[in-house]
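A, B, C and D label the chains in the order they appear, each numbered from 1.
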Amino acid sequence: MFDLTLTPEQLEMRDTLRDFAQREMKAAAIHPDRLQPFEKPVMTDLLAKAAQLGIRTLALSEDAGGAGADNLTTCIVLEELATGEVDIATILGTTAALGRTLFDTLMSAEQKARYVKAFVDDDNYHLAFAGTTAEAGSGWTYHRDAYDDGVVVPTAAKQGSDWVINGRVEAVSNAPLAKLFAVQVRTGAGSKGMKGLSTFLIPRDTAGLKVLDTIKAFGGPDNSLTRWHHGTAAAIELKDCKVPAANLLGKEGACPFADGKLLARNSVAMAAVSLGVGRASYEAAVDYAQMRRQGGRNIMEHQAIGTKIADCTIKLELSRNMVWKAAWALDHPEAVADRSLSELPLHVIARVASAEAVHEVTLLAAECFGAMGVMRDMPLQKYVNDGFIFAHAEDSDGAAKLAIAESVAGFQRKAA
Amino acid sequence: MDFSLNEEQRHWQSEARKFATEVLRPASVARDQIEGGFEPWNWDIIEAGSKLGFRTLAVPKEWGGPGADFVSQAIVMAELAKGDSAMSKAFSQNWKWSHLISVACSNDQKERFLKPFLADHRYVMGRGITEPNAGSDNRMPPEDDPKAGYRVRATQDGKDWVLNGEKCFIANGSVGSLFFVDARSNPDVNIKLGGTLFMVPKGTPGFRIGKVFNKRGWRFYQNAELIFENCRLPAANIVGEVGTGSVKAGKGDTTGGDIFGDLELAANALGVCDDAVEMAMTYARTAKRAGKVLMEHQLVQLRIHEMHMLTEALRSYVLRTAWQHDAGEHSANAGFVMNYSTDIIQRVTRLNMQVHGAEGCLMNSRADKLVRDAMVWTHLAGDTVQRVKILKRLK
Amino acid sequence: MFDLTLTPEQLEMRDTLRDFAQREMKAAAIHPDRLQPFEKPVMTDLLAKAAQLGIRTLALSEDAGGAGADNLTTCIVLEELATGEVDIATILGTTAALGRTLFDTLMSAEQKARYVKAFVDDDNYHLAFAGTTAEAGSGWTYHRDAYDDGVVVPTAAKQGSDWVINGRVEAVSNAPLAKLFAVQVRTGAGSKGMKGLSTFLIPRDTAGLKVLDTIKAFGGPDNSLTRWHHGTAAAIELKDCKVPAANLLGKEGACPFADGKLLARNSVAMAAVSLGVGRASYEAAVDYAQMRRQGGRNIMEHQAIGTKIADCTIKLELSRNMVWKAAWALDHPEAVADRSLSELPLHVIARVASAEAVHEVTLLAAECFGAMGVMRDMPLQKYVNDGFIFAHAEDSDGAAKLAIAESVAGFQRKAA
Amino acid sequence: MDFSLNEEQRHWQSEARKFATEVLRPASVARDQIEGGFEPWNWDIIEAGSKLGFRTLAVPKEWGGPGADFVSQAIVMAELAKGDSAMSKAFSQNWKWSHLISVACSNDQKERFLKPFLADHRYVMGRGITEPNAGSDNRMPPEDDPKAGYRVRATQDGKDWVLNGEKCFIANGSVGSLFFVDARSNPDVNIKLGGTLFMVPKGTPGFRIGKVFNKRGWRFYQNAELIFENCRLPAANIVGEVGTGSVKAGKGDTTGGDIFGDLELAANALGVCDDAVEMAMTYARTAKRAGKVLMEHQLVQLRIHEMHMLTEALRSYVLRTAWQHDAGEHSANAGFVMNYSTDIIQRVTRLNMQVHGAEGCLMNSRADKLVRDAMVWTHLAGDTVQRVKILKRLK
């Protein structure tokens, strides 16, 4: 029965996080001293505080020691957190989503027994997935079979009961903080594309695993590249990294992440994070428009500003509906079976639609601020930048739309 | 009808292109990546460009300047902006004030200010209008509120005038040798009747620079607060008459739009768009997705098509408007093309970023810079107040 | 508890109507002989058939003899109907929404006793509201008090226990078919604006009530105006039209429609109708793109077409979410009280957002058809026209957005 | 640089403006409201315009035509389109074919076809490319499918050629006296090698008109099927050589874009935009909402601002491109400005409709007509295939 009522627990979590974001995070996050420099190190004290509120283990099952929150609740929480600070929301969202996937879905009982207690107990314990999926950039192979040359991952060779891994993975989200990595490697010698991939659990302190420098504001030759992600990320390097066969996640040569479905949870979480940024910029604009006087009235009372505010309102409302729907759908596959929901890839639609909407909202919000919208001591320019990053990610841009079109056409790609 | 450039115009185009390629572009991203508000600035670049005539380009020949026409000015701005938009603006920002001096100032004032401007490669100028509580109200004073608009107070004291108050977001604020400052000689009537325009040289007692703003885009270009605390000026520093309002004092509007200011931003945007188109074409011809260069993907073809199309439309409009200025033809096009350039520069630089896409967790720094530079247009050249104001110029 | 499952009844109704729209309505609605001429008379046989499926009395309470459907169910049904033919969906949607409002909400027991049986029994019995509301065009008075000179309605003068009504109301939806009118009149002599308005129930056969000619394709001086609405409409004229006081709906001088809130149901219904048109054009484009070959493949397989299809998919998905949310919200005011829903005017957002989306969807769909998108014997050009009408209505255009901005600002208008 | 019109250009402008105001505009909405595909057509209008030179405008002076330059042509199209877009197109549609004759046809063909065209005020022309299964494949033949594109078959029979097959959506189909028909002389190779261009006069046995299309926009302008059933033509009716493909046969592309076709649609769109801007301004100055004329509402100000701005950008781009044609300057601008005009005409006519708003249940018929006319650009001038094709013209 269709019902948009939130549970008292959901409302309470929303209140708690909204309060935390407004009171504790925001002042630090948008302090001019933090806004002006290019580098914005993760505010680790706030990250730990947020972890103490249970966000890190939010989605982990209650049995395993988490809060067992469903995807919708997770989205509600992450949106609030992101109104306070986007990197913290991204880091926690990544760990929370991976926590559920790794511990509750993929690990064997034995593996879980080895790692879950430390994960639950340690507020600074984060998770990272280092790998690629068939979904990543699939739009570029629109209506063609998968193109396999792009899939380069570390290789693993069997050595007794161990595997020895060599290779490098660029730009692994959460890597600078993660204590446990799920690393995709090629075990099948001579295999290509997404076939012959396996995933290993590798604790950070494993010999041969090196987390490289955190990605900085500028990089590349002559600083020709600019940091372009939320959260925190670094490359990892594996040099003769020996991992016991017991750390293999699932079956050899059948990487559970390969088809990308397990990461739908993460797409939706990131969509919720984007909503938080959009809302932060929108709320700033509404407040300012009701205070700033020009033309003999508060600027809110001018039709031109009113139109911008209304456009923001509409875009955020529509995006949130879509994100929540996609989140709920992930937990309720039966709703597709009974035809309450369509078979469209709702998580992709949510990610694309919210990214575009939030991008536009941050720009409209900045316009309300005039020159102050580009000053580095003001938060608007950062919200705008955050919005650009959401909108120009591989999984939220034109190629992602093509994945939607393929689904409409019922196209099935032969895996490479 | 004839769109071809004359010899002088071609001369300025090739000079500017050379300077942009050899000096501005190589320094562009590097200076953008320097922390701080003032720090990205570089006097050597200004001096080098000044020696080629770019600082003084608009000064009439009879006063010893190059006296380039508007078409040449538009071309130079675009060429320099293709190297670096903020650096281009740092040069052209001077042109409107040198123009103002030559059109609206007395011979005595010209002697005192135009000559040093011509002589000193590091002499740059600015104008102070905006204040913390007076932004769009200066552009379009509300009819029902005579007190709206700038509030810096100018009080007569004997033969002198004394300024008190603060200006913010003033271009060249931290580096200027001379500022045109709009002050309220009569605070009880609207700014068209109670406004007076003063020339305030650097070093005048009671005048100092406040905060230097740290911006997201146009980081090279300077922007600061001007603070007046009993700043005393001789009546000889008044432009035109007392209480004529700043537009009238500046004899500003003879072609239906601002003589120069509006065209300036449009021409600069054109250079940025040219840069973006070139970047996107180059990248799309080498980078691959799914085994094909980007240029073979319709997704990318349509983006680059749009970039090129919009850039050529903007070029056409900029050149036509520049010619209209030179021909003294009445038109509101300067304002419209400025607003138009806001929409185009933003669209084109964003498409360029889309063409480049995120490479893992990194974005091409110059693609990112162009987007940030373009954002400046939002409030300088295309906010809704400006659009409404410019619509009113139509007959 | 958040739940997007539809009830078996909702799914069944959707199937029934989808089947009816596809099999019975569509062939007639998009037959070239109907598409080509300017005039498109209401297909009354199909209207009656749809009425026999219970759509006319869909929202009427079960007690009163209707199906008692909630707003969400009504929207699901109207969307399907509109994929078949937009005018029929509009007429039925108008009657269904007014049926609930008039019979179940506003009429006294005595009034209901007089009219409800005929309404329920007669498949050709339609309803019309002739009047104006404070909401209509309120955006134009953005952040100003209501402007009263615009409110011109017929006047009523007391004569014994009767009221004698004189005046004219332009462009009354459903007037050509309606058997019962709710007519807004000014009873308070000297009153202005929305004050002093009353509403009377006036059966069609009342002496002095004349329904003028149905609005045709062209009108005005030199045919300078073009028909620009869905459904069917006509002006009504009241000449010494005598109505007993017993036909007063609610209290004298307190027109229950004045504040516009009762018509929110109608906004949402029309938003659902717009979705149906958008979907019809979208489905036509998807079918065509999977059949038409150019460039050596079905055009669906070209990225440029895929992008258009994906954009349509996203827009329709987001709009439907919003319309359903607004529909559900109308039936669940308690969800605002418990903060599951915001206090925004969701019905306005739904109307504006769906109108814009459907407008864009019909244009994108027509683009997929090339030259055939503008030929009058093909349905695409009609869908495009329908989309324009949705997008350029007073309650879906710029001024409507300003009403949203006023709500964000918490602005309360003094009624004129 | 000089944007001013010369005397001849001004002459054509004022002639066209007068004709548009006095003849086209008064008939415009009335003819649009006539049911049917053929019925909105009117020969008297064509004849009246022909007498003023608008039908034959592009015929070179040496062949007895007015020989107007491209700038004049662009101006005339825009002026006529301001009166009625479809009527303007009914005139200009002939220009490219008269141009084709004078550039690519033999003297014998000129004698046989250009002379009667000049002599008869009701002689109009068209070209048949599109077929039911060959639309964008004619514009951009897929490399991997040599059979793609038009399939009308041309078979040699002695000295004659025999045509069989069908063309659809052919402009002037129902009224033309002469058609240029693209047929496949060799069906086994791609259309660039197996295509031949034939001249088919009305009345040729085996050639007839099929269905006349009933359109939503441009209702005056004719569009029909051409049917060839053993239609026999002398080899003398071949344009250029057999099997050179139609572009090459037509010696089409010497300025980097179609010589004329692309500019034509852009110039026509400009006239429609001018019309829309004028309508919106007029309406906004009289109609009221909430006690204020529309022009005092920011909502409407911003819409009209945008309409005017985009129209002036389009004008600048159209004129520049026309000049480039006249100057023989290589550029892809003709194609780009055509695509651009698609975006602009649609945006501007929609904004005009928004300014007018719905009055109760009715919409201004002309506002509605402009939107419907503008929709034609979608497939004629701005679909994605055209954009991709035109991008490829860039060096």
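Quick note on the criterion: a residue touches a chain if its C-beta (ideal position, glycine included) is under 8 Å from a C-beta of that chain, and two chains touch if they have at least 3 such contacts.
As the structure is a computational prediction, the values presented were derived from the model and not from experiment.
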Greatest separation from chain A - chain, by CA centre: D
Which of A-D and C-D has more C-beta pairs touching across its chains: C-D
Where chain B and chain C are represented by their mean Cα positions, the distance between them in whole Å: 51
Inter-chain centre distance, chain A versus chain B - centres from mean C-alpha coordinates, in Å: 40
Touching two or more other chains - residues of chain C: 302-305, 307, 398, 402
Multi-partner residues of chain D (each touching 2 or more other chains): 297-299, 302, 384, 388
Residue numbers on chain A that touch chain D, as the complex places them: 302-304, 307
In the complex with chain D, residue positions of chain C that touch it: 36-38, 137, 139-141, 144, 147, 149-150, 170-171, 215, 217-220, 222-229, 233, 293-296, 302, 304-305, 363, 366-367, 370-371, 373-377, 381, 384-385, 388-389, 392-394, 397-399, 402
Residues on chain A engaged by chain C in the complex (per definition of touch): 1-7, 10-11, 72, 142-143, 286, 289-290, 297, 300-301, 303, 305-307, 309-311, 313-314, 317-319, 321-322, 324-325, 328-329, 332, 335, 338-342, 344, 346, 349, 352-353, 398, 401-402, 404-406, 408-409
Of all residues in chain B, those that touch chain C in their complex: 297-299, 302
Chain A contact footprint on chain B (complex, rising order): 29-30, 33, 35, 37, 130, 133, 135-137, 140, 142, 144-145, 148, 169, 213-217, 289-291, 297, 299, 303, 353-354, 357-366, 368, 371-372, 375-376, 378-380, 383-385, 388
